[in-house]
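Scrolling down, you'll hit the structures one after another.
Below, chain A partners chain B and then partners chain C, in two separate complexes.
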Partner chain A sequence: MSASYLVFFLLGLLTIGGAVFMINFKRVVHMVIAVGVSFLSIAGLFVLLGAEFVAISQILVYSGAISILMLFGIMLTKHDASEEGSKSKGRVWLTFLGVAALFVVIFTGIQNTNWSAIPVKENTSSLSNVKEIGIEVFTKYVIPFELVSVLLLVALVGAIVMAKKEEE
Partner chain B sequence: MSSWLEQAPSLTNVLHYSLAAVALLLVVLGFVTYAIYFERKVIGWMQLRPGPNRVGPLGLLQTISDVTKLLLKEDTRPKHADKALFTLAPILAYSPAFAVLAVMPFTDTIQFADLGVGVLYYIALSSITVMGVITAGWASNNKYSLIGGMRSAAQMISYEVPLVMSVVGIILMTGSLNLKDIVYAQQDVWNIVPQFLGFIVFLIAAQAELNRSPFDLPEAESELVAGYHVEYSGFRFAMFMLAEYVYMFGMGTLIVVLFLGGWLPIHPSLDFIPPIIWFIIKFMFYVFLQFWLRATMPRFRADQLMGFAWKVLLPVALFNIMLTAFVITYQNGFM
Partner chain C sequence: MDVHISSYLLVALILFCVGLFGALTKRNAIVVLLSIELMLNAVNINLVAFSKYGVNAAISGQIFTLFTMTVAAAEVAVGIAILISLYRNRDTVNVDEMDQLKD
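Coming up: the complex of A and B.
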């Protein structure tokens, strides 16, 4: 058994565990911490796949996002969380059916995908995969990349406009 | 990194890596102990008083006795604090501080992980600490600690942006995010010369990231008692302090690697001095600068803080990127 096998199971457990706890916790700060564990474990999974740049971006983006989420959680929600009324039996079964159907769809999807049809790029050592990503993004995928940046810019300007209006 | 993950996790392997980590931890703890001592001494001298001089010869054992006191103290927790998060917060704040040291190339040979994205690794992991700080502020169930935590989060997140942007110039010049490659690219001239603007922005933003003077607002004792760690005492408080000083160690290392040529000597003729000594000398300069600033600078006002990051540092950093990009394109003969 190699170390990566062990680490994979550990990270998988943390990812799923974090998500489950996020749903089950009652207080918003606890939820945010749980989802943070989930995100960081996903970064770990990326490292296992040799995608260090993606892993680091994941941490960089989401740790900031989680901090902000926590701040808003503290500021905008009630501090004393109370138990919701218990769910009815029928709703639980319905949810289970939905989740099971989703699982079947995704599972068959993964099983039926022909992974070998996607060409594997040769010679991508872990030391140069930033360079590879950069070249791909700025040559082959330059238009989607620019569109995404415009989208983000629009969101940014929109947020500023909304914040300004409140001030007046 | 992936090569050792693929090995079988044999006992010797695990032992080997654990021992190496423990050795680094001991070095860091030694540094922190004497950094605190020298900080108090240097600030004392600058303010014309002797500083600690009672415990041991020249007061050399002062910090050790302080730490012993902290560790032996009763572990108190406020009654209405959130039990689990109160315990988790110091760990969340400290562990990334130590983890960032893994990629630091102290010399050519002394490095734990030669990561392709070393620069980003440092910045990404250090942002996890913000989570620890907010958690501490919230879990203590105290208004001062909550305000301190909020301030700290706003400050650290804002100053992270110019910090990253000021490094981009170096990355453009080197063409790599690997810390070792960045040092090798400084054989002829250190990055501080062509990237002086970036260096200034980095230095200021780093100061804010470290929560040190003149940006020590999160623990402005006159307004907030002690900031996010008001309710902490004993070894949990010690962990927050430790995180702060370990970050100083990490930031010093990073600044030496990025701007001051890492382990390279000032002039090639001086390379008979071992690289680690060069590294330590440069590192000491940075640490001394920290103490000097702390002894001389007044604290920023909270309302000036954010404006300075977004309106001054960020545009300067962006200008630096543009300038570097133009010069590099010109040198490559595209213009």
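Coming up: the complex of A and C.
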């Protein structure tokens, strides 16, 4: 058993554990903390997959910005809110059955695929991950990149307009 | 020897299913938004895994992940703004009480 297996097992356990704790906790603030643990271990998984730039972006955007934004959302609404779950137990069980069916379908799909037929490609480029991403973004993906900046501007203006107090 | 790709896909699948269950059963709108973030993260894991072990392994998968993150951040910002505005007007954050269109 090599070290990468051990690290993967630990990170996968933390990822799924954070998500499951998020579902089970009662207080909304505790839920955000649990999901923050999950986001951080997903960044670890990205490092394991050799995507360092994506991992750093994950930590900055998800663990940093989105968790804090969620906390702000909680504090500005019902700050002592607790989640008591859906009222009808039947609907919860129906949803559980549907999700379990989806899980079984996709799981059999993963298990029945012949993954060893895919040739393992060694990373041939001598560039670092960040350099590779930069070259690719500014040659092949320039227009989507600029469109994303417009989208962020629209979201910024939209969020401010939506959240500001309406005049009498 | 590296970790096999199906292990990554399995982790992402479990994460997606947990997120889907949370998004469909929880009543607090902030928790629903969090569950949607979990589902988006599961997709991101798949994209990065295929960008290393897929048939056409290329850096494009990681770039697509970066775009997904940007769109998710914009979505959360607008979602929280709508939620705050709704709380100011209706005094609730529960999704099953947001039924004004039904009346």
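Quick note on the criterion: the second predicted complex is superposed on the first by the 114 of 168 C-alpha atoms of A that agree within 3 Å, B and C clash if a C-alpha of one lies under 4 Å from a C-alpha of the other, contacts with A are read in each partner's own complex, and residues count from 1 in each chain.
In the analysis below, a contact is a pair of C-beta atoms (placed from the backbone, for glycine too) under 8 Å apart; a residue touches a chain by one contact, two chains touch by 3 or more.
Predicted model only: the values in this text are computed from it and were never measured.
Look at A:6: by the touch rule set out above, it reaches chain B but stays clear of chain C.
Of the two partner chains, chain B and chain C are each touched by A:48.
Of the two partner chains, both chain B and chain C are touched by A:74.
In the superposed pair of complexes, A:63 makes contact with chain B only, with no contact to chain C. Between chain B and chain C, C contacts the larger number of chain A residues. In the superposition on chain A, A:90 makes contact with neither chain B nor chain C. In the superposition on chain A, contact is made by A:30 with chain B only, not with chain C.
Once the two complexes are laid over each other on the shared chain, residue contacts for A:156 go to chain C alone; chain B is not touched. In the superposition on chain A, the residues of chain A touched by chain B in one structure and by chain C in the other are 2, 4, 48, 50, 53, 57, 66, 70, 74, 129.
Residues 2, 4-5, 8, 12, 15-16, 19-20, 22-23, 28, 31-32, 35, 38-39, 42, 45-46, 48-51, 53-54, 57-58, 61-62, 65-66, 69-70, 72-74, 76-78, 81, 83-87, 91-92, 95-96, 99-100, 102-103, 106-107, 110-111, 113, 115, 118, 120-121, 129, 132-133, 136-137, 140-141, 144, 148, 151-152, 154-156, 158-160, 162-163, 165 of chain A are the ones touching chain C in the complex. Those residues of chain C that touch chain A in the complex are listed here as 1-11, 13-15, 17-22, 24-28, 30-31, 33-35, 37-38, 41, 44-45, 48-49, 51-55, 57, 59-60, 62-63, 65-67, 69-78, 80-85, 87-88, 93, 96.
Residues 1-2, 4-9, 82, 84-85, 88, 114-117, 120-121, 123-125, 127-128, 130-131, 134-135, 138-139, 146, 150, 153, 157, 160, 177-178 of chain B are the ones touching chain A in the complex. Against chain B, the residues of chain A that register as touching in their complex are 1-4, 6-7, 27, 29-30, 33, 36, 40, 47-48, 50, 52-53, 56-57, 59-60, 63-64, 66-68, 70-71, 74, 126-130.
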